[in-house]
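The letters A, B, C, D and E name the chains in turn, as written, and every chain counts its residues from 1.
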Amino acid sequence: MSLKNMENQLIAEVKELLESGKVRGFVGFGRGYGMAESVPVFITDALDAEKLVLDPFCGMTIAKYVLERTPQAVGQTRRPLGILAKGCDGLALARLMRDRRLQPDDVYVVGFNCRGMVDAKKVRARLGLKVSGARLEGDQVHFETAEGPVTLSKDECLLDKCLACENPLPEDCQVLLGDDQDTGPVGHRDYAGVANLEALSPDERYRFWTRQFERCLRCFACRNVCSACNCITCSLEDREVEWLGKDTQLSEQFMFHFTRAYHVAGRCVGCGECERVCPVEIPLMLLNEKLMRDIRDLFGVCDPHVPRETEPLGEFNPEDPEGWREEDERA
Amino acid sequence: MKLSRDKLKSSFLQKVAEMSGEDIASCYQCGKCSAGCPLEAAMGILPHRALRLLQLGCEEEALNFDAVWLCASCHTCESRCPRGCDLSRVMEALRMIRLRGGQSPVHPQEVDEEILQRAPQQAIVSCYRKNIS
Amino acid sequence: MRRIGVFVCSCGLNIAGRVDVQKVTDAAAGIPGVVHSENYKYMCSEPGQNLIADAIRQKRLDGLVVAACSPAMHELTFRSAAKLAGLNPYMVQMANIREHCSWVHRDEEQATAKATDIVRAAVEKVRRDQPLEPTRIPLTKKALVIGGGIAGMQSALDIADAGYDVVLVEKDATIGGRMAQLSETFPTLDCASCILTPKMAEVARHPRIQLAMCSRVTQVAGYVGNFTVQITQAPTYVDWEKCIGCMDCQERCPSRLPSEFDRGLGKRKAIGVDFPQAVPNRPVIKADHCLYLQKGRCGICEKICPVEAVDFQQQEKVWEEEVGAIIVATGFDVLGAEAFAEYGYGQYPDVIDSLAYERLNSSSGPTEGVIRRPSDGEIPKEVVFIQCAGSRDPDKGKAYCSKICCMYTAKHATLYRHKVPDGQAYIFYMDIRAGGKGYEEFVQRAVEQDGALYLRGRVSRVYEEDGKIVVKGVDTLAGENIEIAADLVVLASAVTPRTGARELAQVLKVPADQDGFYNEAHPKLRPVETVTAGVYLAGAVAGPRDIPEAVANASGAAAKVAVLFSNDELENEPLIAAVDESKCSGCLWCVPVCPFDAIEEKELIERVGSKEVTRPVATVNAGLCQGCGACSVACRDGAMNLKGFTNEQILAEVEALCLMTGSPE
Amino acid sequence: MTARESARCLGISLEELEDWQCCGAVFPLATDAIINLASPFRTLASAHQAGADLVTLCSGCLNVLRRTNKLVAADAEIRKKLEDFVEMKYAGERKVFHLLEVLRDETGFDQLQKKVVHPLDDVTVAPYYGCLLLRPAEDMAFDHPDKPVIMGEFLRALGAKPVSYPFQTECCGSYLSVSSVDSTRQAASAVLKSAQAAGAQWLVTSCPTCLYNLELAAESLDEPPRLVYFTQLLAHALGVDAYLEENGALAKNVMPEVN
Amino acid sequence: MSHDWQPRIVAFACRWCTYAGADLAGTRRMDYPASIRLIRVPCSGRVNPSFVVRAFQRGADGVLVAGCHPGDCHYIEGNLFTRRRYSLVKRLLEYLGMEPERFRVEWISAAEGARFAQVVKEMTEDISQLGPNAKMREQL
């Protein structure tokens, strides 16, 4: 079923949910400021359901938006909040639930089998045109532009996270839109960027990260958007224990990014939001993927990004390798 | 027998240890290898003695230990050794050192014609490989 | 602002010989917050301690750094001294400038600089110390003993005699354990039953000992002083309350099965006792072999029982006991058949293990004490004993020495000669380990008086040929291979922990070594304790032990329990984890990393706006927490902290140590 | 030939490796004798190129190939040397089987039993394993090194009555029969006598050298067990030998007569 | 008397094993470089990876995390979590550009005084080769 058809289904569904009072509100996407941009919206009125969109520009993982509106957070009676969920939102919701920041009955999940979302930046770079709409078809994306239709392959224009997506279908949905369910992964995470960086010398790597971290504004956007960074109070802003220094010299930037990456080790769901929201474009997924890949290789955890009842660092195998020894290095 | 530090740390011992890949010191002379050796009768001397000679640093005696030519590499000793020390490998190392030194107990031209006719290829190839450098 | 005192010890010349103590003292005086700094020759001596006490009082010190030896040596000493002088003992830190400094560095300048750094780090740590009070918890003065062998019985008797109640859990239907299977005991050749059965009777009639037979410990919750133990009792199908022990049922039961107690050499009935002296002397039905329970017919025992005690409907029983201490005395097994393919164990009936040989020797055994070989009942004229069968064999068996085999094999050979005067015993051995009182003499008697022939070497192969058991071994002393056509072969099989000991270790949260023997809290100084407070070890559960050792152990463990029970309340070390609930997000990732299950979830009630909401947070059970700090690292938001080793303290120590003294920048 | 036809009869296709090369017959035990691994390595690499696993009929070859295979899979340094020397890439991807294992694991002895047309009618056969199939146990992972069962099961599937005897895993003296005939005769005689004492009419082996040594030893014994190669028994039981004989591909009277 | 540059190494030592092993090195009067400074922790499982980075920030040239051998943990399994945690941390630090020699994890038991001294010597030598650490280090 096309996204357009699903959009209609979504609108009808949400209207019904709000009218019947089954949900307190609904988190989905609405029309953005530019044409090729859809932004998260929170609606509480059934009349607003019409404003919801579901198009190839709904790439953001929006699960964390529900966190501010849980019954716990707002002190209200328990009535669920509706949310539109792609595969990555499903993982992010699972993350929040396993971290016990969300109860399963806090949300009412309207899911769909996502076949990938368009990266507006890539499209802009490729086409340099104003795009007014897009349609996914097989391995291709057809764009409507001011100068007529243009077709790009998915490889050229989808978000990186979609090209690496192995879990397009959200689990545990109350409603599933569409009919093309479970048609397998969209892409495959190959950790190529990690391997490229690993091939460098320590000094080259340090220079690489120095160039990245020097730009960091310490805006905490990467943390705020992350479904795995869901502590009520972040230790990096702790007033009693100075885990992180206040100034932004390079040393503290390393501390910040080391700690952020380590805190999501084994818990990152791979949604790529941290990297997307970074105003200075620090490639944070290179850190997250490094840990993900090492967890997979060292501890044999096959889907390190899928939340489980235990996390890789909260368990062990008596036969675990000592990952710091040369002989345990991958051949 | 005179013992000395030099004797116990000779390059010869090192070589045997490296070639065999076995830890000579691990042997505690229980003799289980000898007790199960199918060719011990032909050797006339207990094979675990080879390891003892090495432990004592007796290079000359170890290199004159002719039982090495009678080890068939059947690994019976290895399969029962409580210390995981493979005597067949030690025997092979001693054999190789002697073969490389020009010694060889078998000369192709002296092998009985009838044997060459009757014996399967496998036996002949094995024998040459083990006994001729 | 803290008022910190620094006391630098010269330790005679142990420290002063390499470290300029005065320089360290002066440097310490310059650290902000240090209001007193001095050195002395022997700080741990009485005058030294008085010096500290005086300074505490006069300078109103509220933090102390003692720069001396390792805290392992004198931390307690100085904490006690501080307490006597009115300072909270947890406001004391040791700076180890002896073991970690003066003793290991040659260069005086470097050693002095390092000592200064160590002192500075300790000052920074103590600056962030908080006075801590041990928590007090009540305790249940009742002990659990697991295992009714000689060690378990001894422990139970000692504790009961000290005036405390004991629950003795035994998985079999009788107490007595391995010792009940033995014939005589080395080196005195006392009859095992003669010394054991009176003890068994004493246990059974002791008013403070409650027996839980055919039972296992299936769950343990709680902590020292306050354990809740779940005991699961298998059905016996006989109501022991009603049973009068007449054993008519055993007499009439038509179903026979190989007796496990007799190591398969004899038969027992499907209903009955393992051996006539069993305590309690009450029968059980082996369900797998009972015609009634398997096929629904027979039921003779039920019909003839004069008191209607047979109860085929009996079910497994599960109950809980509250106890304050646990002694584990689960004893040993011997390595099974799978380990000895080359010795033909399990293949040839006349190759038996040492426990089976004990049964052959026992006057209550299947042959009534006559040595007869299992295959045809003939009296064996040549018997080969193989020592180290699976022991000292890191490659195929167990790396360790089983310790008791040298002695019991000498005993076996001696007893054999006594019973078969024209027979010959051969013993293959590796080394004779006879390090006990009268042990070496006993072995020599076996050789000199009883004609045991010791052959130094291992056996490679055992096989049957022409009705004989051919043993191919070696005598390395003669340099000859040895072949003996024997009538019976006895394997001194390696001693292993009891089957199920590893699972029990997990239930008890006690670490075991790679072989499954339980680890002592300290192998030398705390040999009957485990790292889990309140759990003690007795007998072969911690490694191969002979009877006198097991008994000594058992009494040691019982004494530990008695000491524990002499308190009305327990003081708990306050260096444990604590949660800052305001920071805790309730993710509870600290739970899986806690080795002691000390972290639980708690509902925290908070006000949000005008409403009350609840949210989950972690909470630490002070009785269970052992202070490892694993939770504090699993905690991302920094809500979990470890008292005495807080995040603030460790970060401050890092900073202090990185400001290296004396290194040119 | 018998093996290939027998296998065909069981639905397994065996291809002879083109351009095969002797494996060297003994696995080099010295850690620096890497050059001796070249020929088994080449054989393995050829099989890999041909896209197939290897099956051997000889315990000796199995021993050499399986151990070489394990070594190159585990030791990158040695692998590199061999690859450079032989100029072929191979990293232990393939498996090496003995035909007996194929019969057990692929065909299944119960299936084999169903295909038997000439059951060996309860003839008493002593299985002889010798050394190379079983040892070193860690490398070979073939069967229990002291209590193997595979040949017994194989014989039972063919309708024979296997006997157990203590010397079934003892060494026959191996290649020493070329250089030191007396010592092998002694070792091999012990095996035969042990089988004889257990009442074996036949003795089956899976290694040509064992067969030869046992034949030599049998010459000096009274009524020794008849010696057969396991593929002979297999071909006979499956009725393949008759077919081969008719086609002149096999000499007559290869099989000892039953009884 | 030496004014040559010497590395500064911060070590986190589990009190039951490595700290006691260092005590033993002392009791045996072993001689090792004065470059090492120990922080006593109850268990290697107590060592927060942020402590390691903090040490580098403040000027450590090398950091050692050391505890009981797996299976010997006083707290039964604390060091098995350490093993997982530091397998990742070590690789992450190197990924960020730290030289492998500057950060080590070792199992050193209470009986291994010689091993402790050996590790200190090795680290001191390795780091002396590399020179002072500037990476992740704060600018004063």
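By our rule, a contact is a pair of C-beta atoms (placed from the backbone, for glycine too) under 8 Å apart; a residue touches a chain by one contact, two chains touch by 3 or more.
Just so it is clear, the model here is predicted, and its values are computed rather than measured.
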{"item": "Joint neighbours of subunit B and subunit A, given as chain labels", "value": "C"}
{"item": "Intersection of the contact lists for subunit A and subunit E", "value": "C"}
{"item": "Chain whose Cα mean lies nearest the overall Cα mean", "value": "C"}
{"item": "Centroid-based (C-alpha) most distant chain relative to subunit E", "value": "D"}
{"item": "Longest centre-to-centre distance from subunit A, chain (CA-based)", "value": "B"}
{"item": "Interchain centroid distance [CA atoms averaged], subunit A/subunit C, Å", "value": "50"}
{"item": "Separation of subunit A from subunit D, taking each centre as the mean of its C-alpha atoms, in whole Å", "value": "59"}
{"item": "Where subunit D and subunit E are represented by their mean Cα positions, the distance between them in whole Å", "value": "55"}
{"item": "Sequence positions of subunit E contacting 2 or more other chains", "value": "49, 54, 71, 77, 81, 85"}
{"item": "Junction residues of subunit B, two or more chains touched", "value": "76"}
{"item": "Of all residues in subunit C, the ones touching two or more other chains", "value": "342, 461, 593, 634, 647, 651"}
{"item": "Chains grouped in pairs wherever the two touch, ordered by label", "value": "A-C, A-E, B-C, B-D, C-D, C-E"}
{"item": "Residue ranges of subunit C in contact with subunit E within the complex", "value": "70-72, 96, 98-101, 103-107, 109-111, 113-114, 117-118, 121, 509-511, 513-514, 519, 531, 575, 593, 595-596, 626-630, 632-634, 642, 645, 647, 650-651, 653-655, 657-660, 663-664"}
{"item": "Subunit C residues touching subunit B - in the complex, by the definition given at the top", "value": "342, 388, 392-397, 430, 457-461, 472-476, 479-482"}
{"item": "Subunit D-facing residues of subunit C, complex", "value": "341-342, 347, 461, 463-466, 470"}
{"item": "Subunit C contact footprint on subunit D (complex, rising order)", "value": "144-147, 166-167, 194, 197"}
{"item": "Of all residues in subunit D, those that touch subunit B in their complex", "value": "22, 24-33, 36, 58, 60-61, 130-132, 134-137, 145-146, 170-171, 173-183, 186-187, 190, 207-209, 211-213"}
